[in-house]
Every structure is written in C-alpha cells, then in structure tokens.
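In the two assemblies presented below, subunit A is common to both, partnered first by subunit B and then by subunit C.
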Partner chain A sequence: MATIENLPSPSAERPIGFGRLKRKEDARFIRGQGTYLDDIRLPGMVHGAILRSPYAHARVVSIDTSRALAHPNVAAVVTAKDLETLGLAWMPTISYDTQAVLAGDKVRFQGQEVAFVIATDEYSANDALQLIDVEYEPLPAIVNARKALDPDAPLIRDDKAGQHDNLASPTWEAGDEEATNRAFAEADTVVSRDIIYPRCHPAPLETCGIIADFNPQTGQLNIWNGNQAPHAHRTVYAHVAGLAEHMIRIRCSDIGGGFGNKVPVYPGYVCAIAGSIVAGVPVKWIENRTENLVSTGFARDYVMRAEMCSKDGKITGLRVDVIADHGAFDSTAQPTKFPAGFFHIVCGSYDLQASHVKVKAVYTNKAPGGVAYRCSFRITEAVYLVERMVDALALKMKADPIDLRMRSFIAPGQFPYETTTGWTYDSGNYAETMKVAMDIAGYDDLRREQREKRERGELMGIGVAFFTEGVGAGPRKHMDILGLAMNDGADLRVHPSGKAVVSISAQTQGQGHETTFAQIVAEELGIPPEDIEVRQGDTDKSPYGLGTYGSRSTPVSGAAVAVVSRKVRDKARLIAATMLETRPEDLAWEKGRWYVKGDPEKGAMIEDIAVRAYGGEPMPEGMEGGLDAQVIYDPPNLTYPYGAYIAVVDVDPDTAQVTVRRFIAVDDCGVRINPMIVDGQIHGGLAEGIGIALMELLSFDAEGNCLNSSFMDYLIPTALECPDFELGETVTPCPHHPLGAKGVGESPNVGSPPAIVNAVIDALYETHGVDHIDMPCTPARVWAAMQGRPEPPQ
Partner chain B sequence: MRYDATLKVNGRAYPVAIEPGRNLLSVLRSEVGLTGAKEGCDDSECGACMVLLDGQPVNSCSYLALQADGREIVTIEGLAGEDGDLHPLQQAFLDQGGVQCGFCTPGMLISAKALLDRNPSPDEDEIRLALSGNLCRCTGYSGIVRAVQAVAEQR
Partner chain C sequence: MQTPAAFEYERATSVDGAIASLERLGSEARVIAGGHSLLPMMKLRLANPEHLVDINDLTELSYIREQEGEIRIGAMTRHVDLLRSDLLAQHFPLFRDAETVIADPVVRNRGTIGGSLCQADAAEDLSAVCAAAKASVVIRGSGGERVVSMDGFHVGPFTTAVGAAEILIEVRLPVRPDGGSAHEKVERRAGDWAIAAASAAVWMQDGTIGDAGIALSAVGLTTIHVTRAEELLRGKAPSDELFAEAGAIASEDCSPASDGRGPIDYKRHLAGVLTQRALRRATARALHQEA
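Take a look at the complex of A and B:
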C-alpha cells in the first residue's frame, strides 16, 4: 500500500491540480505531429470539389454536367436534381430555417453551392469544375440590410411557402418600453448613434472539411470532421440522412481553430456524405480559403440604432433597435428561445433604470450565418454597442469615460443582480477591476502624455471598455439548440493502476482541453495530470453534450468534470471506510487520499482505493465494483465573466494609420484553472479584436460580389499589428460553478473592439471633431472621418 | 506526364515522379508522407506551409516541387535532433505558451529558425517582422514572440 510519503509532490512546474502546467497536447504540435483532417487518408478515398455560383442572385436555367463526367478521373457529378431523389436537396439550419444543399432553381448568394464533383484526386475534381456548364439568368441582388424590406425589394426566399418579403424573423423584444420612455423623459442628457457591427469572419487557419465513409455492408457511416459540436452534428446527420445515430460515428482529431466557424453543418458535408453513401467509398472534401471566407459562417452584420441617457451624472436608460442581416438562409447560432441570441445583455455592466431592445432579422443575397465568432451568441455586438454609447454619452457630458462608468457600475452589494432585460448576473466587483486596469495603464500619466502630444500635433487616443459577458449556455429550462438541451456530459474511470480516463462532450479547437480537464480531475482527486487521459471528439467514446462554443467548455463541461470527479471521490470514501475499518463520516479528504480524522497517518490513497475497487476483496455492502462515474451537467445559470480593457493608439496625422501601441486587459473570469492557458486565450482574443476593429471586413459591391475572398483582402492581424499585451486579473468566483470558474475564451474578442474604436475617437475628437466611426478603422475610413466625410462600411 | 526528381528532405533523399504542376507542399504531404507542413490558404498568405529551401524560408504551397529537385529541404519534422531532442525553439514554444491549435506552429517554427539562423540575437521588432508572413489566429503572437526572444537570449 502506498504511504503518505508517496503522495505526489506538486510544484509550480508540475501542479497536481490548478496552476501553470505546460500543455500536454503541445508535445505533438511542436513536432508537426498533430493529426488534422487533411492529414487523414483512407484506402480507396476519392475527393470532392464544389462548383459555386458567380452570381449573388440568379435563376439557374440549366446545368450541363456531360463534359465534366467525360473527364477520365471523375466518378460522379452531383446536382440538386440528384439530391432531390435522395431527399437531401435541402437541409435544416440551426435556426429552424432551411438551406439548399445544392442550388436548384435559384442561387441566392455568391459562392452558393451548385454542383459537387467526385474524382480520384483533388486536382482532377477541381479541373472538372471548369467543365460544368451552368446557364444563369441574373436577378437584382439585395446586399444592404436596410433595403431588404423595401416594397420593391426582390423576394429572396421564394422557396418558402407564405414568405412574401425578406423578413427572416419577426421583431423580438426585451426590456420595458414604457419604463424606458420614462427614463428618457426624466433624463438630463441623451445621445443617439447609428452603429454598425460589420460582417466579419472567424477564418480559422484550418478551413472546414469532412471525410465521409459509408460502409454499404454494415450500414455504418464514419465521419472525420473538425467541428465544435460532434454530438449535435451526429443528431443532425441522423435526421437528414435517415440513419440511426448509433450507425454514425464522428471523430474530430485535431482542429486548427474554430472560433464559431466550425459550429454549423455545411452543404459540403452533406454532399460528401451523400457521395459516400452512393459511391460506397470514402469521400474527402476540404474547402479552400476562398470558399471558407465567402460561403461559411460569417459573424455579426448588425445594423444598430441606439439612444442612451443619463441623469445626475449616471447612466439611466438605453433604447436599441437592430436589423440583423442573416444572409440568404438563416443559420445563425443561438438557443431556440433567443432569436437575437444574447444580444439583450446590451445593458452591460451598469445599474440602469430601464432599457428596451428590438431586433428584427432580414434575408439578403449574402452568405448565410451568422455564427458567434469567439462570442456567446451576439454578446459581442451588445458589448460593442453599449461601450460605444457610454463613450458617446461621456463626450456629450464632457465627463471622463472611466468616471462615468465608475458612477454607473452595478455595485458589489447588488449581486446577484437582475438586469432590466432579464439576466441574473452572478457576481462581480467592477470598480475594483477597473482600478487595476487604470493602475497597469498609468491612466493619469497617459492623459498627461496625450495632452503633451496634442500640443505637438501628434494624435494619441486612450480608449476604455468594460464588458460583462454571459457564457456557458445554459440551463435546460431556458436554453436548447434544435430541441437539444445545452448540457454537457462527463464520464470518469479510474483504472486499477490509479490512472484515469475522463471523456467529455466538449471539443477542443486549440483551447487545451487535454490539459485543463486533466487538471480539474487532478485537483479533485489528486491524480497527477499526466496520468489522466482526456477523451473528446469521438461520438463513440464520449458522452452526449453540445460541445465547445459560447465559452461553454469550462462553465459547463468543466463543471461536469468537477462533479463527476466528486462522485468518484464520494465512492472512494465508502471504499476507503471499508479498507480502514471505520465509518465514512470519520474520514477526511486531502488531495489524493482519504484519512481518518484524528489519526491522519491512517489513510488510503486514491490509487490504493482503485486497486481495492477492482480487486478480489470485499466492497462495501451493496456497492458495485469499479471506480467510475458519469454525469450530465445542467448549469443552473450562465456565468458572467467581466473585464476592464484600456487601449492606447497612435493615429498617423498624414496617413490616418492606427497603431495599437499598448493594450491593457484585466479579466475577471473567476477561478483560473491554468493561468498560462487563460493568458493565451486572452492574447488570442485580443489579436482578433484588433483585427475586427482595424482590418477585418467582409464587404460586398452592389451586385453582391464579395470583395474579401482571400487573406490579401480579408486582413487578419500579423505579429506586426499586435503589441505585447499587458494583462492583469481580479478573481471573483462564480457562486454556482463547482470550481468558481466563469469561462474566458471570448472575453477578449468581446471587450477589445470597443476599447480600440473608443481610443480612435478619443484621438480624433478634440482635433478633428470625430465623434463616431464604424469598424474597421482602416486608414481610408479614418482619413475620411478626419476630413468630415465618414463612410458606412458598405 | 510525370518527371523524376529527388527531394532531399531533412537529410534524406526521396525519389519522386510528379506532374510539373504539383506544388512542393502537396508532394511533401502526399508522396514524401510528411504532413507537418499545412495548407491554410494555398496562396502564400498564411505561412502554414513554410519550409526551408537551402536555408531560406519559402511558402511550399506556391513553390513548384520540381524546382526543389536536388535542393536541401527542411520541414518541421527535421527540426528536432536525430535522437529526438527538441530544437531550442520547440522547447521554448512549449514553455512560453506559443502553441494553441497547433496548425500554424510548424510554419511558425520554420520561420523562427530561419530568423535565428541569419540573426542570432534579433530584437522584438525584428522578430515580429520576421514572423509577419505567418498568420496565427489563436495566440495573439505573444507566446510565440516570447519564445523566440527566450531562445535568442540563451545564445
């Protein structure tokens, strides 16, 4: 039997539990030995390629595939007509809409899928695309959401019975309109702004793709596909293809980033599955970068009108009216009961008197979406709006933007706090976090430097944003996607060796699940993390759950792993009591062992308990052998991480180039399991935020041509655009999460764009009178604003 | 029509017969069987396919395989020593949190090695410039830049 001296000794380098543990998965990544989708080759595999529409809106007059079929390496060319015979021409979206898998009579956005070629190799498949002759009859296109409901607007979704306009969803409201009217009537200062959160794209470095392998003998469909929600995907395929779920197995292997882009089911996936079912061989389809940018899940595209008011120096009311552009098919990602996602968290971190939010969605001739690009269902749009509005209000009040926020924050004693739109924030001390950010930034010194620079004609801006996020969807009584409760499962098995396997329903796309989830088990059971294998991404080997997006992993799946570990610990206690010939209530726990209260030398380590659980000696009366447990975790509430961000920018007076010189991010995400991984998440999200604020844009010309179809036009930040980020932290545990953790992945993407845009305006208001600018703050757009000619994004 | 060529990859010769239109990346991944280099854009924009060609970093997605005939190619698989010892950059990426999804990592390490081979003690600006042809969507570059700095400081 192991002794107390043999308890594993933790260290900063090698924590048994929480701490800066180096990532387990990196050993393979630094050697180039990760296994991503395109690294997988199956015997007899053929390759798919998709012919896409050059038009944003057009009738398909005819499709002639004969020349492509004559290509010696082409096995099949699939069109909508072929899919109709299989009942696969249309598929459901995650928002209860329908989407054409391949276009039949009409194309509705540029880049829409028209035909699927299957050939022996990817070169031949792509060559054959040029041999398909499609005759189109172009139609006028709608690319501007504000014009989608004009009476003379062409009807985009004439496939839908009863659809007579381009309204994608009726107006959805939150808050209290009358109370809001009263707040505005009583206010002493009111500001209004038209604010656009433009269309952008998650653009993970690995594009989307699939390998579908249907075995006609067994009826088994094997799928390899990097996606963020393998179990939900399997359920969708079961419905679409009419197969039983147990006959479908999805494996994710390593995923080269997701950021929301790998949540939806895409037409290429259905085509590859259909191709494999028909051909009886594995079909691989991997999109290229252009296909990724022009056809898969975009993000944002919210056209917003907002008013904010204050009384006696404090923010009191907010009124918001939004048009959401969903593109040609509504495949936005959000829980069923929330057609505008969590946008109504728009009252932010402030103790408002009242607020009212209206959102309606329209169809346009643009790619379908929008997904939550590192975002919990439209919270990014909400935070951007409220933080821009607070700065607009501060400008009018001639108040310091931090002072106005400090005066208006929800106070620590008000938590749990119910917002005027119905959220119950769990915990927070906002002013403390703001102060930490001011200290790191040296806020007063920065203002002094700014004044001195202005006198020299230099343009420097200091921008502030304070966000509250709601992540970890969510309680099953409120939240589902396609009728599936937003819960996550965990199975934990401690083997006779004392080493463990934990299977989870979340799926990493780079977040470090193999490390973080092992650390949770280690913290709860005292088993070293290197002895804990984390299984994920294989629907045959993991419990059901809704996956990784909306910063769900730690709040939901992490909680599941903590709870299942505690179940194992509880069982271990009963076994230990038998081993030590005492009562369970006489035992106390220290990390790794149960010991007798009053006689700490006498105890049983978890590995010895595991030996007993599988061995031949008696178990406690009525208890089954083995040391394992499983749970499905239903979160009682979202968790509400928050943070204070300060951006320092320089604007070149001659070129209008904006440089982010410093970025200070103080996050409170509750208890941090692996601070190194948390820092990395924040760094990555801040870089994306810089991209969105300054560079990233999916824009369209009047005909609906997408103007940003490669990384030459869709600019994502390089190492040159990113400063060395300055991070700080406060820790306010989540009261209802078993570990006190709140989730962090999306916070930096949510909080950084408003900080940067506020900084740009702060640089330009006094000297150039610029009090509003829409993202991205490119040199051309900033220059136009400096000349008094602000331009909308499209 | 296929042409014979010999690709010298990580010190080993690989005879291949390939069509003239094939790019180096696809031949490394398919015929040679080294899948460490990745395709992120197929357009020389992201750097995920970076390899060293006679010591110079090139985007192998945009380089014809036949042009590499007889020249020295180093891929991510050739970075560690023959005994499996990690290159100091690999260890530093692991230590400094320079890796998240891992997809850009092979190309990023190759670019970092090329930098340190020609300039053993670069400053932060030189590191950022040298890595500006390698896109990373996960790390915000902080851990990566610190990893290269850490190795430069050891030298």
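Take a look at the complex of A and C:
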C-alpha cells in the first residue's frame, strides 16, 4: 500500500488539492507489488480452459468429451448441452442481442467457445483440450462487411427467428437529409472518399479472466474479475443466472489495462460461474494472449463512405454512409438509444449548414465486439472520418488544411452550440487551441522545411487533426445501458481522526483513480490527499454506478466526488457554527477550515470538526452525528473536450517506412485535476494512436482465419516508434461540471490517427499523387500507395 | 497463460555430456540455449519435444576472441555480447548493425548466436550476417568436430547441417585486410522480424572490390546467398551504378512469399534497395569514408 513514507513527492511539493502529484498507486506498481487476477489463489481452486473453434463458420456435428474426461486431473468438461439444462447456453449481449456461451448448433467465428474444461491445474486443463474430439461441417464464411448483405451470402444468425439476412441492425440516421442535399446543391466544392477504420484490438497487457467462487452453504457467489463496470456486471449475472444480486460480490483488485476490452461479459466468465455453482469450488479461468486477440471485444471495423462540401471557402455539409461490422454477435458497446454509439458527432468542430449520417450494421464470421477502445462510443471513427474529409476537401480546394479548419470552426460566441446532428457542445475556443498547437509546432517553418526537403527528394509530411469529443455519458434522460442509468455514486466518510475514505463506482484500470479522486476531496475539504483512501472495484464496498470507460470517470464520478465533498463541507459548516457559537451564514470557507467572517483568527479545522461530529458534545439541533455523505450524480449533459494535434512524419522514399518525427498535442479538457496524470494519459493514448495509424490490424483470410493471433502478428507500438511528445494546453472550463473538468483519457487515441494519416498523405500527394490511404500505414501498404495502387485493409 | 505440453528436462554440465544425452534420448530431444524461439513454439504447442537438454551452464562456449587470423565466437555467446563487442565491431561492423535491430533487450540478453543459426529461420538476421561475412561453423558430435561453411550449413527451411546428436559450438570469421560490412533491415516495428534484410561485406584490393559477400533475410525459404551479385562485384571499382546492378540481381534472385509483412513485389523491391544500401555502407567502411 502507498504510505506517506514511500510517496515519491517531497511533502513540500505535494499539493493539498489539484496539482502535479505523483500517483499514490505507483508505489506498489513500480515495485511489482500490485495484485492482479492471476496473483489470487484460493484454497481448493480449480482451473478452466476453453476449447475454441478452428473454423470461422461450421456446423457442429458432434462433440466427444470422453477422452478428456478420462484425463486423471480433469473434473468436468462442459458443452452447450450441459449449459442448456441450466438455461445458460446463450447469454444477452450489451446490445440486446444474444451470444452463444458455448457453441451448440454452429460456430460463427474462428476462436468461438466450444467446450470448457475444468481440471486441477491449468496445464492439465490445456492438455485436455487436445483430447476433445469435435466434428465440424465447414460452411462458407463472410469476412467482408460489404459482402455480408449479398443475396447469396450464407446466413450467419440462423438461430434468430425471423432473421433472413446478415443485417444486424436496421439503418439508423441522424441529421437532416433534405437540408444536407440542399447544402450540397449550393456548394462550390464537393469531395468524396471511401474510408475504412479497420478492425483493431484494445489488447490490454493483462488479458481477461475470472475467479468464480460459489459457496453452496451460504448461497454467496464471490467473483474476482478485472472489469471496468463491476456493478453493471453484477446486475447482469443476477439476471442471467437467476441469482440474488445482493448475494453476488465482485472484486476487481488491480487491473492491467482495460481500454474498453473489459466492459463486456465474456462466455468464459459464464462458464467459470456455472462451473463453480455446479462443482462448489472456486474456478479460475484466465485467457491467454491468443484468446484475448481472437475472441474478446475488438474495436472499430467501420466501412465508411463520406462526402463533404464547401461554399465560399468554408465547410458547409457532410454526408456519411456507414456499414458497421459487428462480427457474429452484436455485442457492441453503446447506450441503448444510440445503436451507432455517438458516431453522429461526426460533424466535428465545424459550424456546418447541414449533415446527414446513416449507419447500418451487419453480421460477419468474425469475433463479436465493437467495444469503445479508449473512446466514447464510436467517436474515434467519427473524428477520424471528419478529419480525413476536411483534409481531402482542403486538397481539392488547394487550401491549407489549417486555414480551412480555422474558417469553418464553431466560434467561441456560438456556445452552447447545437450541432446539425443534435449534440449540444458546452464550451470551446477552437481557434485559440489551434494557434497554440501551430506555435509549438512552428507551423510556417515546418512548411518551409517541407518545401526544401522536397527539392532534395526527401518526403516529409505535416498532418493536422482537430477533434471534439462528447464524453462523460450520460444524462439519465437520454442514456442507459441495458436499462441502467449511466450515473455514478460516491460515498464519503471523514473519520474522527480527520482522515477520509471515499468510495466510488468507477474502477481504475491504470488511470490513477486513487490519486485523482483523493485530490478532488483534498481540493474541496483541505484534507491532504495521502490521508484520503479511495475505495473502488468491490461491489460490497462501493456505491452503485456504471464504471470507467468512455472517459466518464472524471466527468461523472469526479463530479460525484466533488458534490459529495461539498455536502460534507456543508454539514461541517453547521457543526462549526455550533463549535464557534455563531450562525452558519457568518462563516466563510478557506481550504480545510471554516472561520468567522469578521474574525478570521476564530475558526475550526476540518479535523476538529470531525472530532466534534463523532464526539460526546452536542450536535446542531436535529443533526445526526458523524461526518459523511453520499450522492448519485446524474450529469446534465456530456462534456466536450477538444484538441489540436499536429504530426510531422518522414517517409523513406525507397522503403516507404513512416517515422513519426514530432507529435504536438494541445488538449483542452477543461480544468486539470492532476496535470501530471493528464500528461501521462495523453502520452499513452498518443502511443496507441501511433500503433493504430501505423501497424495495428486484425485481418482475416477468405476462410475467416484470424491472421493476427499473437503479438508477433498483432503489433503494438513501442517507445521507439514514439517521438518525444510535445504537449500544450488551453483551459476552457466545462460550464456544467462542478469542477469545470471535461475528461481526457481517450482524446489522444481519438485525435492522433487522423493527424498521422493526414501527414502521410501530405508527404506523398505532391510527388506521388497519393490522396488517400487506409490504416495501418505499414511500409508495404504505403509503398503500394506510392506505386499508385493502394489497397484497403482486409 | 500459454502452457506447453509436458516434457522432461536436464541440464548439461559439459558439451560431451550434452551430446551423450542427445544420443541417448533420440530424435524427440532438443537442445535449449536462450530459449527465445523454442519456448514460444512450445507454449503455442507448435513444438512438443519430449526432452530438453539445457546447455546454459556451458559457459565455456561463451566467448569472442581473435585466434589464428579468425574471429571465433562461442555458440553460447548472447546477442547482447555480440552487440557490445568492440573486437567484433572493429572487424565485422555488420554484427553491431544487426544486433541493434534484433528483437529487444530482453531477447538479446538471453538469445545466443548458436541458437539463432540452428533455428535457421529464414527471417533471422544472423544467418545472413554470417553468410555475408563468409563464416564457417564448428559442429561437434560424439565422433568429433567438423567445420562447415555457411553455404553448406543451411539445408532447408528450419533445417541445418547440424545432426540430431550434434551441437554447433563455434562460429569462425576469417579476418582479411581492407574489409567493410553492413546490415540493413526494414521491419514493421522495432523488434519485429524483418520484412526484408540484407547483409553485405566487401574486401577491397587496389581500389577495386577483391571479394564480396551478400546475403538476404526473410525473402525466401532459407537465407538467400546472392552469389551472382558477389561475382558481379569482384574485380570492379565500387560505384552507385554497380551497387544498383547488384541490387537488381538481389531482387531477381530472392524468392519471397506474400504475408502480413508485405506482398512479393514489395519484398523484392526491398531486397534490391537494402542490398544497395548495405553495399554502399560496407564499402564506405572499408574505405574509412563512412559519414
């Protein structure tokens, strides 16, 4: 545990409240003393392993488990037949679809779960997988979303009554089609592009897993499971397994990364829970790297066609048509009323005349998912599309891409701004942020350098992206997931010693909640952050709420912690008035202390007030003892962080290798609670964005074999691909958030890929005529584009 | 966690002891050195050896020294030692070029030159490096030692001249005057296998190229030894045009396959570009003109 002694910052540098503060949790992480799921071993625990389908699409003819059952260390082999008797063969997805827990009729993607082995140790469990004999009858597979609706496409979801094609959801629309047609009719320049945001994977370094421990004597189900939304998971388990919700306890311990991958409930979880209920002993199941990459929640996979137009040098209209590839089961993560997530924020940071967005979704023989990989529900795809389109338009207009953006931005005076697709942006001064980025980059000098290099045959590109995100879902009148309001709770208790515990429904996966949330209480109450323990990730010890994803922790849980701190401060004021024998309205607050307005020497410190709250002396008339409070926070709107990113790349003219030489990121995420943690979040997200732009891809051959099933083939970036990031900031406080904060965790992942791709095209357009390339910009794919034959990723 | 199948394990205390174990255990036994190729294959159950003979205690096989006009490298010499060796960098700088881009520090701390050569993965860098440097290897069995040139070492994909009960114990690099060498690699990301890589060595003689060595990684089923380009260079004065011609031969003489790293035409193109670059740098080094 972090203690005062091993906190890295000297006490003189430690802010009591907001400011740069080294993370409390790092004291254990950097010593290798974190407790991850696989570190937990329970007495009598057995181990599960999953047999997976080698085929992307095949009928399951028979499953013979007899040889596996004969293995001396194997306790059970579970198949769909066994789960059917428990009513657990299928489970609901996060998007109101159903997903096979274990395949009974057919396998629908390579890597799908077919059987679950329980053995005394994980080696034996994996040995036994090779002793299960499954007979398959292979069927043709669909891996290309554009071909999923062909009349002769094989029907993937024949389990669903009334399903006659591979349409996963009907066309969903936003914006005004007629007004958009008018904008295009009146335009003087129109561009169109086919743009793919290819399938990639969050790839957290700790894979997914669970320990399920059902106690048949008490009926209590204890679960250890690194997940981003423990309360929501508990509710789902109660519904799916018919268990009493109050008898389920989920504990998260430390989590080695989530990035959206640890939002869904996976078949392995259900198998382990069912296994523990049947066997009456704890069952641990932890997937290996390959299983994580081939079967758990992927991200993106949006096949997009877009048109953008301008009039008199300003962007005026946008038309978008998307096919979303959901894989074999629709388990895409999004609030109920938003089947395409928040994709319709695609109108971006621009004051458009009109826009129109259509999204339809298809089933394919690929793993299910569509999770929000470090983004707020499809905002990454939206930002990528609009920022690529603005550059395409600038190319055609022969305009500088920054000039075009500057001419088209929503002006500061227009906020709150209603977009053409129905969002209400809270605040912003986009041009100011863009200028800060240009200054750091030395934009005009870069353009000069580029011209000089071109004359020498060197290829250098400068790419820009300006994003606006909507995060912090969300207001309960608009947003829920599986009927659960997207609100979050906070409980705060100040102890008689003046130290405090704050319990939150958010769950860190590395974002630094233990530090940030302590700093919020510190800012509001004046208690040093090291004296504030942040509890999370234990459904028995934290208030109900929907968890950490979609950059919602600070916008929602952070607001909850601010509000609950203020409730405690208000109560402290009443107690202080009694202590100081004055009226509450005669007291003023300074950090950590209520004092008498006319006599500042006379006051009560928060720790003295705490002593009084728990002591023997009288409380104010009608007030209960103790110094604590609880809230459930319902955000009135999303928050809208934004930023200006500039990438500088060099492309080797012979080998086509792309090097990101510089990356400038100026974020406006409102008020920054811990600027050091914000910087760290931005560094991590930029690294991921470089990975997505240059190397990450989940690809499939025609038979549906996943070609990227290990880190040998699914490349994630290293420090060597990342330049020394150049960060800047502007601060436009969110008007409706109690702290003025907006959330930042996902901005860098959202904003960096279009900046890098725009830079690659900027490097190649004049000399090689390259006006489009899809990610990832691997050397081979860039070279093909330079030869004039770019290929879509497959 | 990836779990390998069950296997028996023993630790050798001498080279002859290891060879005796291999003879006794038969064809299902494997030598394990650094383990950074074999263990991942076992964890993915692509390799399921019944016995492992661990030779990590054979520190007598870890050395880089100059002896009888050769640089001699013990088979258990780790990548990190090849990277750091000034003696090696002085005579064969292509080793340092290669070692800075082979995998990552964790792998380089464990992986060995003997293991790399015996794995004989066509995408592996050191096989090309040794071929270009005109190395030979010493292979020992119960019947004694034999010396095999790199030409005779690669028998086929993942297959070498090392027999079932034999161990590669040493790599020998003949030192000749006025030599220079370089290794060029293109990878998708630091630590990835090469999309293509080229090793080149030249030995200058009276202003012309007296001898040359050129070998390619990752563009064929085995390391590609571009002998036709070597012949082209011999006796000619170095020039960009000559190197371009050699590059064109390398493009023609390789036989890459299309995969996630790139299509055939791109790999052929790279083979040419990298051969040219390696030759240019090797020659500059031989002439002490490196920028």
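Following the convention adopted for this analysis, the second predicted complex is superposed on the first by the 782 of 794 C-alpha atoms of A that agree within 3 Å, B and C clash if a C-alpha of one lies under 4 Å from a C-alpha of the other, contacts with A are read in each partner's own complex, and residues count from 1 in each chain.
Everything that follows uses one rule, which is that a contact is a pair of C-beta atoms (placed from the backbone, for glycine too) under 8 Å apart; a residue touches a chain by one contact, two chains touch by 3 or more.
Bear in mind that the values here come from a model prediction, so they are computed numbers and not experimental data.
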First (subunit B), second (subunit C), both or neither touched by A:D654: second
Partner chain(s) touched by A:D351 [first = subunit B, second = subunit C, both, neither]: neither
Touched partner set for A:T718, first subunit B, second subunit C, both or neither: both
First (subunit B), second (subunit C), both or neither touched by A:D608: neither
A:G512 touches, of subunit B and subunit C: first, second, both or neither? first
Which of subunit B and subunit C A:N126 touches, first, second, both or neither: second
Partner chain in contact with A:L707 - subunit B first, subunit C second, else both or neither: second
Touched partner set for A:P779, first subunit B, second subunit C, both or neither: second
Touched partner set for A:D391, first subunit B, second subunit C, both or neither: neither
Common ground on subunit A, meaning residues reached by subunit C in one complex and by subunit B in the other: 38, 123, 288-289, 710, 712, 718, 720
Subunit A to subunit C touching residues, read off their complex: 38, 122-123, 126-127, 130, 286, 288-290, 654-657, 694-695, 699, 707-708, 710, 712-713, 715, 717-718, 720-721, 778-780, 783-784
Touching residues (chain side subunit B, partner subunit A) in the complex: 21, 29, 34-43, 45-46, 48, 75-77, 79-80, 86, 90-91, 93-95, 97, 99-106, 109, 124, 127-129, 131-145
In the complex with subunit A, residue positions of subunit C that touch it: 1-3, 5-6, 44-45, 104, 186, 188-193, 195, 260-263, 266, 269-270, 273-274
Subunit B-facing residues of subunit A, complex: 22-23, 25-34, 36, 38-39, 123, 203-207, 254-257, 259, 288-289, 509-512, 676-677, 679-680, 682-688, 710-712, 716, 718-720, 722, 724-725
